[in-house]
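Same chain, two partners: subunit A is paired with subunit B first, then with subunit C.
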Partner chain A sequence: MLQRILTEAPEFFSTYNMLFLLEAAGRTLGMTLIGCSIGFALGLVLAAVRGSSSRPLAPFRTLSIIYVETFRRIPFLVILFIVLYAIQPVFPDASLTLIATVAICLLSTAYLSEIIRAGLESVPQQQLESAAVLNFGPLRTLFSVVLPQAWRVILPPAVAFAVMFIKDTALASHMGVVELTFAGKIFVERGFSPALGFGAILVLYFALSWPLSRLGVHLEKRLAAARNP
Partner chain B sequence: MPQLEIRDLHCSYGAEPVLRGVSLAIERGEIVSLIGPSGSGKSTLLRALIGLNAPSSGEVLLDGQRIDYRDRASLRSLRERLSIVFQQYNLFQNMTVLRNVMIAPVSIQKRPRGEVETSAMALLEKVGMAAKRDAYPDELSGGQQQRVAIARALALQPQILLLDEVTSALDPERVKEVLDTIRALARDGITMLIVSHEMAFVREVSNRVVMMDQGKVIEIGEPQQIFTAPRESRTRDFVGKILKH
Partner chain C sequence: MNYDFDLGSVVAELPYLLGGAVVSLQIAVITFFIGALFGLFGALGLVYGSTASRRVIRGYVTFFTNTPALVQIFFLYYALPDLGLLLSPITCVLIGFVLNSAAYLTEIIRAGVISVRRAELDAAQALNMSGAQIVIHVILPHVARTIYPPLSNFFIILVLGSSLAALFGVEELTGRAINVSTTNLRTIETFGAVAVIYIAITFVASLSLALLGRWAFRVRTRIF
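Our next item is the complex of A and B:
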């Protein structure tokens, strides 16, 4: 096998192939980052709505619960195809990457919302009472008091989720999105040894997720230090 | 006209009635203490006054104006005039001492930052916490946190200060520093409604003492009278037990 890898290597590591691989890696990373960012923003909205006790928001609270509980129970692959078949008739020109990204956002919103909710709920009720008697509005309470104290609870599982998602985007290859896993399949189909093709993919997945994990550890340490210098 | 008037206030936690018709009038500059056994509704009364437990019936009048606890604007204006200090201090854990004191005057009351900082530092000076302006709450002792909490409540320039068992969570040696702080405020003439188990302190600092039991006011009188010649047997029992140990 080693012999085969060595003979194929010069052809495999051509500029064209490397650019192709980088583009696929970029697509994996891009879909993950966009998915997790939008998912975080929308997840925060859902978590805040769910945690609020405001009466006018009551119907939205129910919707938020239904959304989160539904999307957390559907396999990602199924969401991908639902989004594909829902979008394509309406926007025939929508790219597969865009469709996959929308599906990722839908799923990450549900998961991150639960992670954020656990964080918001970790902040003691007394902190909210303090804010209330000081006349803080709901948004100021959320952003000045609750979120800053919730970060330490939110961050570790949120980073773990993002790292997991880097790998889960592989499912988008089933739909034909040229991300890392799809790139690996293409190399094998073009006759390269699977060890070489998927070996390169493996290295790239690691290169994408390891720094993210490190960033998470770093942020956790910094947050811990910021509150207790 | 009393500054704060409470008329037949009722309040319940779920089905459990906690306040069962409390009436009380407080004059400007008066220091009134609420005493009574645990569960008598003292803390609930303070929490109801500032709108943390909405009263189920009854009226609260501030400067003759009826407070509508269901109306945001009314609640807002109430909380601009009333401040509360909690038993567990409840300082914002993510903010320094100075920011805890400054945030509401700057962000909510929209007063100029420079002016607020000057008055916040003066308040911290007064409670003896100016040196800790950049510390975070979890670096402070309970007594220190409570003094900061008092400064934070005063920074809003309230007309009435509610003190809810502010020394109950403190080590005995920390109690004195907080009580000294309140004594100093008492001399400044701010109206105070105090829930406390520190009977010697209540007796020394209050103009009037209110004895509560089972969600009702049993007796109101000057400290001297309440502690030495209570009219009601329930007060006599309570005061007798407290002063014996």
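Our next item is the complex of A and C:
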């Protein structure tokens, strides 16, 4: 195996192949970033709705719980299939990357909403009551009282979640999205040894994911220390 | 846009799909227990081991938690034949899952091992507790309380994660869904039904794990 890798290596590490791998890594990272950003925004809305106590929002509270509990219990692969076959008849021109990103957003909204909810709930109840006494509206309470304190609790698990999502996007390769895993399959189909092709892919995933998970550990230590001095 | 939903063809395949759900649960249970065994050794090595063994285990955990399980299994599945090792898809998938979950479970169990404080062991000794009493009344409650919630969470993640075995031709729930949808051509209905089955089995699993935790370890876990 090692002999085969050594003889193939010069051909494998050609400029074009490296550019192709870089583009694939960019797509993996892009899908993760877009999915996590949109998921964070929508997840914040869901968590805020679920944490609110206003009467008119009650049906939306139930919907938010149902959404989160549903999408946290369906495998990403099944969501991918459903989104693919639901979008394609309506928008035949939608690109596979777009479809995969939609599926990622659906899932990340559910997971990030749970993380954000835990953060919002970490703020003591008395502060919400004080804000109500000061005649703060719900939005003002959220943005000037709750979030400035809750972000310390939210950020570390959110980063850990992004690390998990870099790896989950690998499943999008099954639909034909040309991200890192698919690039590995292409190399193997072109005749490179699987150990070299998938080995390079493993290294690239590690290079994307490891700095982020180090950042998560670092944030957790720093922010936890700042919270309990 | 007209689309007639036809659930009849899926209902006919329900027994077949539910059989797949059993296979999914089997994969998750096997992975969980073998992974937990390795994870226990890994955690003990991380906490009490020599510097060298700590480094090896740390490196293993870092590598396996930072790369996708799918690519790890691809690597096993396509590269091992080069070494003259021909494994069936289900064996490859199980080996990949076990290697992967061992890394995560090492981290989870390590948190439980370090949650027992030296001072509490000293206090137990001062109360003249025997070794067995210390294990039962001091160490186990601590470890269980710390690791039971993340362990039951991880089991659910394993049930969901077992779906990627379908990409290697293993006929668990998702694999059977692919089989059914390629014959009845009712993809949305089939995968919709499968999604409902996944929700049902993970919900039942969460509920029974929460009840078990409450009964056996007095751990209060929230299901929602």
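To be clear about the criterion, the second predicted complex is superposed on the first by the 214 of 229 C-alpha atoms of A that agree within 3 Å, B and C clash if a C-alpha of one lies under 4 Å from a C-alpha of the other, contacts with A are read in each partner's own complex, and residues count from 1 in each chain.
As a convention for this text, contacts are C-beta pairs under 8 Å (C-beta built on N, C-alpha and C of every residue); 3 or more make two chains touch, one makes a residue touch a chain.
All values derive from a computational prediction rather than experimental measurement.
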{"item": "Simultaneous placement of subunit C and subunit B on subunit A, clash or fit", "value": "fit"}
{"item": "Subunit B versus subunit C as contact partner of A:Val90, first or second or both or neither", "value": "second"}
{"item": "Touching partner for A:Ala170 - first (subunit B), second (subunit C), both, neither", "value": "second"}
{"item": "Touched partner set for A:Ser130, first subunit B, second subunit C, both or neither", "value": "first"}
{"item": "Subunit C versus subunit B, contacts on subunit A by residue", "value": "C"}
{"item": "Subunit B, subunit C and vertex subunit A (Cα centres) - angle in steps of 10°", "value": "100"}
{"item": "Which of subunit B and subunit C A:Arg140 touches, first, second, both or neither", "value": "first"}
{"item": "First, second, both or neither for A:Pro148, with subunit B first and subunit C second", "value": "first"}
{"item": "Which of subunit B and subunit C A:Arg55 touches, first, second, both or neither", "value": "neither"}
{"item": "Nearest-approach distance, in Å, of subunit C Cα atoms to those of subunit B in the combined model", "value": "24"}
{"item": "Subunit B/subunit C common contact set on subunit A", "value": "none"}
{"item": "Subunit C residues within the subunit A interface of the complex", "value": "1, 3, 62-63, 65-72, 74-75, 78-79, 82-83, 156, 160-161, 163-164, 166-167, 174, 177, 187-188, 191-192, 194-195, 198-199, 202-203, 224"}
{"item": "Subunit C-touching residues of subunit A, taken from the complex the two chains share", "value": "1, 4, 65, 69-70, 73-79, 81-82, 85-86, 89-90, 163, 166-168, 170-171, 173-174, 180-181, 184-185, 188, 193-195, 198-199, 201-202, 205-206, 209-210, 213"}
{"item": "Subunit A - residues contacting subunit B, complex", "value": "126-127, 129-136, 140, 144-145, 148-149, 227-229"}
{"item": "Touching residues on subunit B, where the partner in the complex is subunit A", "value": "50-52, 76, 79-80, 83-84, 86, 88, 90-94, 103-104, 107-108, 136, 138-139, 152, 156"}
